[in-house]
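Labels for the chains are A, B, C and D, by order of writing; each one numbers its residues from 1.
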């Protein structure tokens, strides 16, 4: 029996509304610092085609690093496993914007979900074109995944990152020195900052993640990626999706997830659900405080952990 | 339909027997360096109570770091979640015996599956007793899990480690300086080295791991740990079970596993199977070369990935 | 009695001409890679006003990092000891272009002679002006120190660095993220790359260094810096002047020196001599192979070590 | 003209007696934590054979890391420059007891004045003998240098270090794993802890340091080391003698010095003076707060910097 998700979602929305400790809104991207931390949204797209929502599930937010999942999917489509010659697949053990590991490992980022790795992925996706071409392709891809042409880029956020993204410029230049970024740095970062500035609601994001619960299939037919690739992207989300708190997320929540500093998290229960939560306040590790809590509660109540036997009668 | 495991196991044994690249036997523990690298064994204990074996599945080998799973289980039983005040839950990003992270993080190891973390766990399990008491308790626990009183400690291996374990002595003393090891270092390491020197066959090891596939239940009745704790141990195995190749193992194989330098790997498919593989040759990351390959093949053929939907009709 | 310097200089030129192991010309700045490694020059300006030269002492070369000494002198004149709020005074223990230390120490470079530190110094020297103003000031300062208006900037070298200086761009952006670089990065690096591209002969360089042997006085009258500041710049040259081989240079040669990847070294014997040597081939630490050897020989023959009693009868 | 040292010494004693900020007595060695921080002593042995003292110059204190200078001198006498195959000559850039650098550089310590390096030196000095033999040799050597048979080891301090020296045990075991410590760790550390527990007064210490100002000669005749070796030991003291504050000491004081956590500093002005200062309170870098200040004042008033021209008329 599938748990009564409606009740669980409603309970979670109520609990999150009452939470005292809501974390801190990211301040390093000026546009994001303006967001009201009182918001919380949740949306669940199930394998059997339902969509459940709660709270501010229709409000758009900046998906930020969650875009790294879609960008990785695109890049693997372009260059296949050759990508892994330029990006590793290991948890970094460091903060999302650390440059230490890059020096020790000669310009090869640990994984595609830390900033350095995502910049290499953006370099691949740029592929000799102008940033607007690569950005357009990314946007069309996310709209296709979500089945929603309203998904758009927030230009003010993109501009805000461009102006202050000195650490990302450092990372990109550093990798360029090792020839692991191959296009001019400003073009690569232009692509990267626009991709991070995609705005989606929880509903749109949960819909966009469905291919990862469906072994790579688009729910409306066709295949986005092979089953093996879907599985591997999920594995990367689990081991690397929450920066240096990835282990803790796996320990507490137990499902693959990717967070962004905008306060969103996309989480995948293979074969069961694609989940998006959003609340702008971040915990000390830079992941959504209430989003993490909500997913922990959801996993607990539904038994949706990849580390447990399937829920009985399911 | 459960895949025809007998055929898969037989195929894997054949393929591994023919493999050219068999890795290198660990040389830093003199007793282990003598092992014949030509061996390969596999055993699968299924949730429905079957046990399938192939190759050298009845040959005993030194479980080494695989013992960290059982020691962690014991320690959590003693001190509960207080353990996490002394040991982290994040992948380390470093080699199994790195001391760098310990200095940066003031004597608190990243997780219980790197050596430093396992030494803290051994310190907890020692609990003011003599090493022989703690070692006896560990041995009885593993025998109970495996349902086999023949499991024993290889004293020659334990002595071999004692004589050469300078890095472990360094780690233990270093943490003692931060009061994160609280008993005399030689007693703690005495416990630790004996635990690592437990010898088991693939059959015994697969049997001993059943509680982790069964949400914490002992197959013969009773509960070893709570479902939540079983889930969390599995999560730690997935994110931290293969040292700095944990991400790669999750990516390629996709199930929780814990390897040891003796060439064994214990892998858990929640709700389905507890698997032990063994082949003494190690790859560059210090994990069994053929063991990893065999598990990749097994996961591929059975669809047993925690990152895919359950196999159809299963 | 002053040793018979003429003989010593002649002997050194002969020995260096015959040397087999001449090191490797720096390849990462394309313009420098073209230089003939067969060259060696030496010039010694003594406290009593003589100038001795040998070999290719009149050939201009790119002073590169040696310019950091003059830039530091200028910046201290502008902001005084406030500079030390932004730059440390410790040997780095790392390569000249390491970014690891910057992350650990929050954007504050270890000392003004590693690249990161010199970029902060360039930021200070830029002081709100256009790069050409700062570059002009630097050039006038070096000409004044050398008493030679022929000193010039090699624009091809400056352009060559601009095109390939990705690591320096990474360092500058990284420090900008910590607000320790305060002008636009391209302006700061424009200044920095031009300063590095100053071309001088050994004769010009030895003359330019005289204020450091004379406790801060210009030999033609007037004071360049206070005695205390001269002393301190010499101290920094000794502890930090040869990147991660500074300790070895102090050990083997025993006098303050600053090297550049163009193959030049400026060395100061307080109260006695300002010495410039040049040979383009670099050793494994990135310092002039023959230049280091020549200074070791010179120090040995003259007794000019700051770590010995003054030569007898001197 | 030699400055009127008597007046300078008296002024410094007065100033230090009135100092408010006296630093913090080292607490990690229990015996040292008991010392009264109100004490200050100074002694200067000049090249012309005088000895000037002030304050608590006759009170014995634990020389601790200052012993590394004498131990290095002994070890170089035993194995010559082969020592440098096992110990580097570069400033470490890290704290005195850091283990990070050891891992990165495969068990080879950066220099003989950090703990790891001094432990290798102790291993050399042990040379297959019992610790008491090596300790006896060291004690006789220091007595010979000081010309004073009263110099002794404080057994309570040695025992105090043995009981708490977990980090040193970690360092020693770590290097043993790389075969860079070759005797049993407890014997090596027994030697090391006893050497650190040598007790000397400022007078005795200044006398013991005379060979380093005299180019290696014993003032009472005979040669302790060659001029080249004396010079090189001085160079190491300057670049590495104050841990990660060595650069700052060179910058502010400008003479070779070696500090110890007992609050002593031995400083050498080649050709002029061997100076010992002592005050138990340490600054944030672990060097004597008032000792450093006193040496800065002394260097300022006398002009005794290795980075200035010799004082006029001197």
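Convention: contacts are C-beta pairs under 8 Å (C-beta built on N, C-alpha and C of every residue); 3 or more make two chains touch, one makes a residue touch a chain.
Quantities reported herein were computed from a predicted structural model and do not represent experimental measurements.
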Separation of chain C from chain B in steps, with touching chains one step apart: 2
Both-way neighbours, i.e. chains that touch chain D and touch chain B: none
Distance-maximising chain from chain C - centres being C-alpha averages: B
Approximate Å spacing (C-alpha centroids) for the pair chain A, chain C: 48
Inter-centroid spacing, chain D versus chain A (mean Cα positions, whole Å): 55
Distance between chain centroids, defined by C-alpha means - chain A, chain B (Å): 31
Per-residue multi-chain contacts in chain B, two or more chains: none
Interchain contacts (touch definition) - all pairs: A-B, A-C, B-D, C-D
Chain B contact footprint on chain A (complex, rising order): 47, 88-94, 101, 110-111, 213-215, 227, 230-232, 234-236, 238-240, 244-248, 250-252, 254, 256, 270-272, 305-310
Footprint of chain A on chain C - complex, ascending: 98-100, 102-104, 166-167, 169-174, 176-177, 185
